[in-house]
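Below are two complexes that have chain A in common, paired first with chain B and then with chain C.
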Partner chain A sequence: MKNTGFYLSLRIFWYLVVIFLYLPLFVVVLFSFNEANTAARFTHFSLKWYGQLFSDDTVLGAFKNSLILAITSSAISTVMGTMLGYGMYTHRRRRLGWLVWLIYLPIVMPDIVYGISEMSFFTSIYNMLGILRPGLGTMIIAHVSFQIPFVALLVYSRLVGLDAKLFDACHDLYANGIQRARFFILPILQPAIIAGFFLAFTLSIDDFVISFFTSGPESTTLPIYIWSAIKKGITPEVNAIATVLIGAVLAVAMITMAFQYVRSASTTSRA
Partner chain B sequence: MSDTGTAWQAIDSRPRQRRISWDTWHLLGVITPGVLWIVLFLVLPSILLMGIAFMTNGTYGLPQMPLSLDAFKQLAGYGFLGWSPGNLYTVIRSVWQTVLSTSLVILIAYPVAFYITTRPAHLRPLLLLLVVVPSWTNQVIRAVGWMNILAPGTPVSNLAAQLGLITPEMGLFPSKFAVVIGLVYNFLPFMVLPLYATFERLDYSQVEAARDLRAGPVRAFFHAVLPQTLPGLMAGTVLVSIPAFGMYVIPKLLGGGKSLMLGNLVARQFSSASNWPLGAAGALIMIVVTLIGLQILRRMSRRLGGDIEVVL
Partner chain C sequence: MAAMPNVEARGQATFDCASEAAMAAETKASRATSTVRLIGLTKTFSPNIVALKGVDLDIPGGEFFTLLGPSGCGKTTLLRMIAGLEHATGGEIEIGGRAVTHIPAHKRNVNTVFQSYALFPHLSVRDNIGFGLRMCGVKKPDIQKRVIETAKFIKISELLDRKIDQLSGGQKQRIALARALINEPDVLLLDEPLSALDAGLRGELQIELLRIQRRLGMTFIFVTHDQQEAMVMSDRIAVLSDGHIQQVGGPKQLYERPDNLFVAHFMGHSNLFPIQKHDANGVYTELGRIVGRFESGTHMLIRPETVTLTPGQSEGDNHLSASVVERIYRGSVAEYRLNCGATELVAKCNNCGQDMFEVGDTVTVVVETDGLVTLNE
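So, the complex of A and B:
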C-alpha cells in the first residue's frame, strides 16, 4: 500500500533539509561578492574583496602555513596510516581489539580535549627540555596523530574488499616480501593511498580547534586567521577567505571521491 | 566505503592462533610507527592531562603538588567565596544543549535516511554525498555562514522579528537558538550515515507481518521498524552527542558568551583564567564520556555488521 501523501511530504522534507545544509555555505560565497560591507543586503557584484585578500601579507602568510601544514602532515600520516592499515589486515586473525580502540579514540574524542591535552603536553615539554616549541612543528605532530586512523581505515577497507585468493596466488608464485610489496600490495593499494592522502589533506585544512591550541605566534593558518578576524565582525573579506577554503576543500574532496569511485568500479568489475 | 566495518568483527572475534615469531615481528614492524605516534602524542598527553586534574592550582596558573580534589570541587561550584553555581550551570547547560540538539538531529535524520533508501539504488550514494559534503568544510566557516544568516537585519531575523519572536534590533544571533541550530547543522551527517546503514538492510517482511496482523502504521513502526534501526540510532547518538558535548567553536561564535559549554570552560582555564587543574577536571569528564561512547560504538558496530566507517 503506497501512501502518496506520506511520500510527498517526505520528499518535501528532504528538499528542505538540503536547503538547510547548503544555505550557510551559499550565503558565505554570495556575500564574498557583495560590494557593500554588510551581510544584511546584497548591493552589487564585486571582486574587490578578493583583490584585497591577495594583496594582504598576513592572509598570504596564513595561506602558506596552511599548505605547509596540510602537505607535510598528510605525507607523514599517509605512510604510517598505510602501514598500520596493512598490518591490521594481514594480522586480522589476532586479537587486536586494543588497536581498534586506539584507532577510534582520535576519531571520537572531542576536539577541545584533543587540543588541550596536546597543548599542555607540548608546553610542559618545552618548559622542561626546551624542545617542541609551539609552532608549525607541533601542529604537524598533532595533525598526523588524528590523520593516521583515517588513512589506516581507508587502506584496511580496500584490502578487505580484495579477494583473499590474490594473496595466496602471490604466495604460490614464491614472491618474496619485497616483490610482494613492489608488484602486488603497492599497486593494488595505490587508489586507497592517494585517496588517503587527500582525505588527510582535507582533514588538516578543515581543522581549527586542534591547530588553534597547538599553534605558536608565527604559525597562523587560514582558519585561525578567520577566527581572529571575526572578532571584529563578519566582513566580506572574511567571506572571501572562507569561499577560497570551501572551494579548495570541495575540489580535493571531489578528487578523493573520484579515486573511491575508481576503487569501487574495479571491485565490481571483478565480481 | 562500507566494507571497512568488518574491522571490528574480524579483529575482535577471531580465535587466537598459534604465534609465529616472524609473524609477530612483521606485525610490530608495520604497526609500530603509527601506534607509537598515537600513543606518544595523544594517549600519553591525555593521561597527563587527567593527572593534572588531581593537582593543585599554583600561583601562576600552573599545576602544583600536593594532589587534591580541589579542581573537582571547583567544578561543582565550591570556590574561595563559598558555593556559586556558575561552573555547575555550564556543565548542566552543556548536557541540556547536547540532549536538545541530539534529539533534533534524530528527528531530522530519521526521515532523511529513510527517504534516501526509498530512492533508486544508483542514486543513493549521490544523495548521501549531498548530505555529507557540507561537513567537509571548516567548522569556523560553517559558523560564519550561520552568523551571516542570523545576524540582526538579515531577512531571516527580520521575519522572526515580524512574527514577534524577537525584538527587531536583537537578531537571532548571538543566542542559544543559534547555538542549537549550529550544533544540529554540524552533526546531522553523523546521524544520517549510520541510520542509512540500518535502513538499507531493513527487513520489510516484518513490517508486512505487522500490517497483516492489522497493526496500524504507528504500531507497525514502533514494533517492526524502530527496533531494527536501533543499532544505527545508538551509533549515531554516540557520534553526535560526544563531540557536541565537548563543542568549543559553535557556542563561542554563535552563543555570544551567554551559552558557553563545558568545552569553553575548559579552554578558558588554559588561557585567560589560568587554572589548569580545573580545566583538566572538565576535560577528564569528557574523556570518561568518550570512553563510554567508544564502548557503545563498538558494541553497536558489531550488531550493525560494521557500517560505522561510512561516517568517514
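So, the complex of A and C:
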C-alpha cells in the first residue's frame, strides 16, 4: 500500500498533461463560435467569424498558398525521399556514415538557423542571377529540403525491416528491374510512402519559421497570416482559423486511418 | 520475355494437363537434359575472403543432389551462383548444356526455395504462388488454373486465400515450394529449406520432398548441414569444406568409404586410429594389431556399428579385449564407450532382446575386416 501516493501523483500528472494539451484547443474551438469580440466571456453561439473568414480575401489567399505549398512540396519530397530511402537501403553495406549524417542533419538543425541561411542564400542568388525571387517557389524548395529526410527515414526503416531474401526471391522468380519496382518494391513500400506524404504535409502546413524567412510579399501562408494577425491581439477570427486547421488535421488523420483499414481488409478478400 | 521462350511454351503445353500424373509424366519427358555442370567455379568476396576455390561438379538431370557441409563452407554461395544471385569470380556454369555463367537470375529457368521462405508479405498465398508466371506474362486465367493444380499437387488447396502472416512454418515451406515448382524450372534449388522446422515435421517433409522429386523427375539441388537429412534424401552428396569439394558420392559410399578424415567425421561418429605400421598381413594401431589386407593410408576407420561385442575374454584374430566405460541407451541401439588397448573405442549394438552390458564389464570387441577402411588425412 505504500505505493498509493506514488500512483496517485502519476495519475495527477497524467490529468495535468491532458489538461494542458487539450484544454487550450478546446478553448480556441469554443471561442471561435463566440458572438462577442472578446475571450473574456462567452455570450452567444455564432458563426459570424467564420463568415467573415471566408469572405476575407487575405485569409483565403493565405489558405490557398498554404495548400499549394503543402501539396506541392509533399508530393516532390515523397518521390525524392522514397528514392533516397531506397538508395540508402541498397548501399547500406558501404561506409556511408557521413552521407547519412548529411541527410539527417536537417532533422536536428534548428529551424531558425535553417530559415535564416535559406533566406540569405536565396537572396544572394536572386541578386546575382535574377532567379529564385523569394515567393512560393523558394518556399517549396525550402520545404522539400527539410521534408526529404523524414520521408527517407520512413522508407528506409520499412526496407530494413524486410527479409533481404525477398529481393532475391523477386529476381529468382523472373522479375526484371521494372517489374520488381512495380510488383514488389512499390506495393511493399506503399504504407511508408503514404505515411511519408502525410507527415511531410503536416510538417509543411504548420511550418512558420522556415516559411517566414523564405516567403515573399505575395506568398503569405496561414501560419504567417496568423502571426501577423495576433500582433493586433487574438481575435475570434484567429480562433476560427485555428479551428479550421484543427478540423483539417483531424480529417487528414482520419483519411489515413481509413485508408490503412481498407487496405488491410482488402488483402484478405482479394483472390 | 523473349529470353525465356521455353517457360512460356511449356506453360502453354502443360496447362491443359488435367491429372497430376500426366503433368508429372510430361515434365519428366522434357527434363531429360537439365544437367548442371560446374567447371572450376570460384568465388571471392574480397581479396581475403575466398568462398569457393575451384569447384568442379557434374549433376545429371533428374538427380536429387545434396551439397553438405558445415556453416561457412561455401555451400549456400555455390547454390546462389547456380541461381544467378551471386556472380562467379571465375569458372563456368552450364545448365542443360547451356552456358549461363553471365546470365542474370531472372533469365535463368531455375527456382529457389529459401531458408527463410521469403514469401511476399503484401500478397495472398495465391498471388505468391502465381508470381513467377505473372512476371513471365502468362495470362491471368491460365495462372489461376495452374495455381489451383499446383496447390492440389502440394496439398495446400485450403490455404490459397490466406494471408502470409496467418501461416505456420510448415505451411510457409509448402507454399515456397509451390511458388518455385509452378514455374517448372530446369533445376530446383533448396537452401536449407527444412532447418527452421521442428524435428517431427522435418522428417515428414523430407520424405514428401523426396516423393515430389521422384514424381516430377526434376533435378533438385539441396543444401544442408545435417548429414542425416542428406543421407535420407539424396541420390548423391557432395561434401564441402573450406570452399573445396571433399568427396562426391552416394550416401552409402560416403558413409562407408570416406576419402578422408573430414568426410569420415562429418558423415557420422567415427573411431579413427592413426596407423603406426602397415605390412602385408595387417596394420598396427593404438588398438593393437588388426589382421587383414588393407589399402595404404594414414588412418584406420571403424564405424561404431560394425563391431560386435561378446561377454568375457576370448582369443582370436581381431578379437580385442576391452572394458565398458559408459553406456548410453538410445532405444533401438545401445552405445558403449570402451577402454580398449591404449585408447577408446565407441561401439553401437542393436537392442533386440539381449541383455546389455554394464559399466565395468569386460568384453571382447570382434572387428570385422569388411567394415574397416583405411583413409588419408
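The criterion applied here is as follows: the second predicted complex is superposed on the first by the 249 of 271 C-alpha atoms of A that agree within 3 Å, B and C clash if a C-alpha of one lies under 4 Å from a C-alpha of the other, contacts with A are read in each partner's own complex, and residues count from 1 in each chain.
Basically, contacts are C-beta pairs under 8 Å (C-beta built on N, C-alpha and C of every residue); 3 or more make two chains touch, one makes a residue touch a chain.
All figures in this text were calculated on a predicted structure; none of them were measured in a lab.
Q: Considering only touches as defined above, state whether A:I230 meets chain B (first), chain C (second), both or neither.
A: first
Q: Kindly classify A:F184 by the partners it touches after superposition: chain B alone (first), chain C alone (second), both, or neither?
A: It touches chain C, and chain B stays clear.
Q: In the superposed arrangement, does A:V249 touch chain B (first), chain C (second), both or neither?
A: Only chain B; A:V249 stays clear of chain C.
Q: More residues of chain A are touched by which partner: chain B or chain C?
A: In the superposed model, B touches more residues of chain A.
Q: Touching A:I141, do we find chain B (first), chain C (second), both, or neither?
A: In the superposition, A:I141 touches chain B alone.
Q: Which partner chains sit in contact with A:F201 here, chain B, chain C, both or neither? Use first/second/both/neither.
A: A:F201 contacts neither chain B nor chain C.
Q: Check the residue A:P110 against both partner chains and state whether it touches chain B (first), chain C (second), both, or neither.
A: Touch status of A:P110: first partner only.
Q: Intersection of chain A residues contacting chain B with those contacting chain C?
A: Touching chain B and chain C on chain A: no residues.
Q: Name, in rising order, each residue of chain B that touches chain A in their complex.
A: 1, 3-4, 6-8, 10-12, 14, 16-17, 23, 26-27, 30-31, 33-35, 37-39, 41-46, 48-49, 52, 108, 111-112, 114-115, 118, 129-131, 133-134, 136-142, 144-149, 151, 153-154, 185, 188, 211, 238-239, 242-243, 245-249, 253, 263, 266-267, 270, 276, 279-280, 283, 286-287, 290, 293-294, 297-298, 309, 312
Q: Residue numbers of chain A touching chain C in their complex, please.
A: Of all residues in chain A, those touching chain C are 162-163, 165-166, 168-169, 171-176, 179, 183-184, 187-188, 190, 267-268, 270-271.
Q: Spell out the residues on chain A that touch chain B in their complex, using ranges where they run on.
A: Spelled out, the residues of chain A in touch with chain B are 1, 7, 10-11, 13-14, 17-18, 20-25, 27-28, 31, 38-40, 79-81, 83-84, 86-88, 90-97, 99-114, 116-121, 124, 141-142, 144-146, 148-150, 152-154, 156-157, 160-161, 199, 202, 205-209, 213, 223, 226-227, 230, 234, 238-239, 242, 245-246, 249-250, 253, 257, 260, 264.
Q: Show me the residue ranges of chain C that touch chain A in the complex, using the header's touch definition.
A: 4, 7, 80, 83-85, 104-107, 110-112, 114-116, 118-122, 124, 126, 131-132, 134-136, 160-161, 163, 179, 183
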